[in-house]
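Got some structures for you, see below.
Here subunit A shows up in two complexes: once beside subunit B, once beside subunit C.
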Partner chain A sequence: MSLAISSRATPYYLTGPALLVFLGLVIIPLGMTVLLSFYDWGQYKGIVPEFTLKNWIEVFTDSYFFEIFLRTFRIAILVTLATMLIGVPQAYILNRMSPGWRSAILLVVIGPLLVSVVARTLGWALLLGSTGLVNQGLIALGLIAEPLAFMFTETGIVIVLIHVLIPFMILAVWASLQRLDPQIENAALSLGAGQTTIWLRVILPQIVPGILSGAIIVFSLAASAFASPAIIGGRRLKVAATLAYDEFLNTLNWPLGAAVASLLLLALVAITVGSNRLIERRYSQVFE
Partner chain B sequence: MRKNGPLALCFNLLFVIFMLAPLLIVCVVAFTPEGYLSLPTRGPSLRWFKAIFDYPEFVRAFRDSLWLAALSSTFAITLAVPAALAIARYRFRGREALTTLFMSPLMVPHVVLGIAFLRFFSQIGLSGTFLGLLLSHIIVVLPFALRLVLAASYGIDQRIEHAAISLGAGNATVFRRVTLPLILPGVVSGWLLAAINSFDEVTMTVFIASPATVTLPVRMFLYIQDNIDPLIAAVSACLIAMTAGLLIALDRIYGLDRLFVGSGKG
Partner chain C sequence: MSHLVLNGLSKSYGGVTAVQSLDLAVERGEFVSLLGPSGCGKTTTLQMIAGFVAVDRGNILLDGNDLVSVAPNKRGLGIVFQSYALFPHMTVAQNIAFGLEMRGIDKAERETRTLEAMALVGLKGFADRYPRRMSGGQQQRVALARALVIKPALLLLDEPLSNLDAKLREEMQSELRQIQRSIGTTTILVTHDQHEAMALSDRIVVMNHGRVEQVGAPDTVYGRPASAFVASFLGKTNVLRGTSDGHGKVSLGSLSLAMAGAASGPVQIAIRPERLAFAAVGAAGLDARVLSRVFQGTHWLLTAESAAGALTLMRHNDGHPVPAEGEAIRLSFAPADASLLREGAAG
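Take a look at the complex of A and B:
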């Protein structure tokens, strides 16, 4: 542990146990899942370990699967944009607060993260129902005549996911706001810049990397969200994660479910790694 | 730095309402005296909180969840401490790759991990067992433990350890009496964050839980899929109250910004 008897092998002894656990419990199971997606399956014969491309062909050609993946990514993009629009100003407001208020608001941002997502989604199911408080309030305000449908719609799923994921955006943006030198803002002010100019030309360019890394986290969590879409969307309105769940635990077509899961994993890894590369190249000077 | 204007404070207020509304409505509905979902307009009642004890499956799932959280975070922190010390202090081949591997459960969607564990455990005969749940939870909470121990390990002044060695302390003594006390805040908060994440995990666990071993969030999820009634609101209200208590205690003892924004000055 200390440097007294440290040899070249020491770091390998220290990381060895964790490495073994991860090889056995992450690499092997994930490998087996990808392998499973190439197996055959039949209603009566079950899983047959014979190599076939049939699951992948089905996932890529059947319009049913295309529609579900399209819906999944449409929801993820909307949630990401909305968390940016709400999260960036909120993080900025948070950063300007007095320390006492700031820790109170931080409790509000972080607290929901620690409550099970099932309980949070239940709260939204109570609020968004046709006789829920949201519809009652909108009718009382005279904004709508008939209750709006939120349950079992994409709108409902998007609202709940914004609530579930916005803390990640706020924390990412706030972390980059803390690194700003307040003197730069004062310099711009003393040179005669207005609030809007300071925002757009001084602050925003410096926190773009924070916003983008928050966006990557929110996007990948939204695209793979399970419990909220399952409760709000019901059994009909499926996304990729609930589709895989159905194939595994209801239809019992494991190879097809494995293909859906593998595709989701590949798509998300490609998108996150790709956009991380892009951000690092574009903003390399900010990361110095 | 300038203060927030009235518009900003309005925005802030709306945001707070948005964040708290779903949690508050659950707590309010849980106190209803009626047999159906409604606001307690006839005054609050504890009827549905008492009803929880008529459903032993919720109580049992709660107890199993606590055990699972305590055990998985303890194993995870035991693996994470040596790994974090190695990553923080040594430059060795494969260091980056190892860090990425240990952090990968944050990147891989939990639904994919759930499927992978379901397939793996059913092949090796662990499906539906508590051991299977434990192994899978160690994996998903390890990144949280590692991240906080890592942040604490980077901050150590190694000259303190050199001083101990020069005074004749052995490896074990240096670790026990110098290194561990120095990284202890990271170890404790890493353990806690790991335990909370294990307790709340639902997406992966829903694939590998069985009727015999099921965690509280999964039990709640399966219940909600069938019907939503004041009973489930009462269970959720208990969870929310528990989390709120824990959160306030944590904030007093440790500071939330330090726990969640990393080792920054906060």
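Take a look at the complex of A and C:
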């Protein structure tokens, strides 16, 4: 009897450590952050544990915050679209390479993930600065007269985030390409389809779930990115993550920072869960 | 002129020769199987005809026109793949209609022809199913209907039944044969299953190491194998060593028989186990000694050794006593049942 009970309890013991870590390091801090966003704060009195909605009201009504959230999601959408446009064909080419070339190129693709965010972003800063390689090159080629502004611009942030996040898109699309029947293109070919038709009518519809899950990952990482926007965007061009950081560490208004962070989290969860639902419903009969 | 002619078709991958100078003529309406062990170049041959694999040398003449320079999507051939390669995001009807759509056929005709094709393969009422929701046998039928609906000049089948269980495979075999007969499309089937090849084909092309070993009707290839490889690949067989005097006489151990066509020197002769019999008392025969006997219900399977080599023979369980292990026996056979194997073709 006791044996039966203990064997039934085994899974709980086994998952215990992981659960504790999850609870202690994710759930509790998150809960505290949300709680914090309802606390009061004053320049001289500091954080006061009294329930108030003023942080949330401020976040929702002040156009300064609205602008930053708008910029955050604008950047995230642009990055997502660009990683789709570049990543999908790249994954397709990768999938058709010989195994030797494929592992070499795969290493290049996931390369950005192996370098520390800060080192990578600083590298980009060197490339994109007004006297950086890109501008010098473009001027030398006679394509532009004045250096283009990449640093401290949204364009710069978008370019850097595309580089950082494109591996996630490529890997997600590649995974769904690998699930395709290796003869599917030949089948379409034998029925008289040309390359464009094969792409649009046969390949693309089958990898849409992969593209969308890649898009969800890229979108949430882009919207919550901190290091790249912080270095490329600087103090002036804020996004939601750098805004929360500044509220916490510069203004020391923790409750307001907590409200910004919670809102970003809520928005991301809503968008991710919503689009996941949509994919599942749309493709349920076709894919198990 | 034959419907399809393959002329010296060759293909190698790097240093590996997949198909070596293959010649074949297929008549209109014929059902021909390419049969051989895995890796002998069957798929490569089929894919060259389909246009998925570039030809190194040789030509493929369909009604006298060379297909080699024609793009695969312009060849108009119907192909059934081993994995079926159905479009999982399309319904059965959409899958079947795809080829018609590519040909710019209008919607009304597309619908009638799709329904006809579905009726032909016994899939009435499945129009709106998705392939994932169908059994292997049903998917197989969709693949067949999709290939046939475009009224292809040739139907190419690459191991189409190998993913089905044994019972379903037999059912599909007879159905496939019957469908092919009724529409009369020239068909080439690739298989490593000798029973499938024998059951379905008008002629079998036995291949080994990228070369054709023998082409012939199933009973010819089985009964009169042209090489030791064919003899051993199709069913059980005995390959006996003997010597020819070069004048139509071959001696096999204690037996001497008349066999035309052999040059003087050592020869190999194939004889099926079911064609070996015990010699009548006092008659000439091949002396042998029984090594083992195994009872198999309808028959006994005996192995024996003789001066001409090891032997397997079958003895029907007809109530007669069967020699025991170690007993001496004398065997005979009709000279017509023995085939002289080609030199240098030993598999």
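We adopt the following convention: the second predicted complex is superposed on the first by the 280 of 288 C-alpha atoms of A that agree within 3 Å, B and C clash if a C-alpha of one lies under 4 Å from a C-alpha of the other, contacts with A are read in each partner's own complex, and residues count from 1 in each chain.
Following the convention adopted for this analysis, a residue touches a chain if its C-beta (ideal position, glycine included) is under 8 Å from a C-beta of that chain, and two chains touch if they have at least 3 such contacts.
Since the structure is predicted, the reported quantities are computational estimates derived from the model, not experimental observations.
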item: Which superposed partner A:A261 touches (first subunit B, second subunit C, both, neither); value: first
item: Partner chain in contact with A:I86 - subunit B first, subunit C second, else both or neither; value: first
item: Partner chain in contact with A:G46 - subunit B first, subunit C second, else both or neither; value: neither
item: Partner chain in contact with A:G137 - subunit B first, subunit C second, else both or neither; value: neither
item: Most subunit A residues touched (candidates subunit B, subunit C); value: B
item: Partner chain(s) touched by A:S190 [first = subunit B, second = subunit C, both, neither]; value: second
item: Subunit B versus subunit C as contact partner of A:G274, first or second or both or neither; value: neither
item: Subunit B and subunit C footprints on subunit A, overlapping residues; value: 182
item: Of all residues in subunit A, those that touch subunit B in their complex; value: 1-6, 8, 10-15, 17-19, 21-22, 25-26, 28-30, 32-33, 36, 86, 89-90, 93, 96-97, 103, 105-112, 114-127, 133, 163, 166, 171, 174-175, 178, 182, 185, 220, 223-227, 230-231, 240-241, 244-245, 248-249, 254, 257-258, 261-262, 264-265, 268-269, 272
item: Subunit A contact footprint on subunit C (complex, rising order); value: 47, 50-52, 72-79, 81-89, 98-99, 102-103, 130, 132-133, 146-147, 150
item: Interfacial residue positions of subunit A with respect to subunit C in the complex; value: 181-184, 186-194, 197, 201-202, 205-206, 285-288
item: Sites on subunit B touched by subunit A in the complex; value: 1-4, 8-9, 11-12, 15-16, 18-26, 29, 37, 79-80, 82-83, 85-87, 89-90, 92, 95, 98, 101-102, 104-105, 107-113, 115-120, 123, 135-136, 138-139, 142, 158, 161-162, 164-165, 171-172, 174-175, 179, 196, 199-200, 202-203, 206-207, 216-217, 220-221, 224-225, 228, 232-233, 236, 239-240, 243-244, 246-248, 251, 255-257, 260-262, 264-265
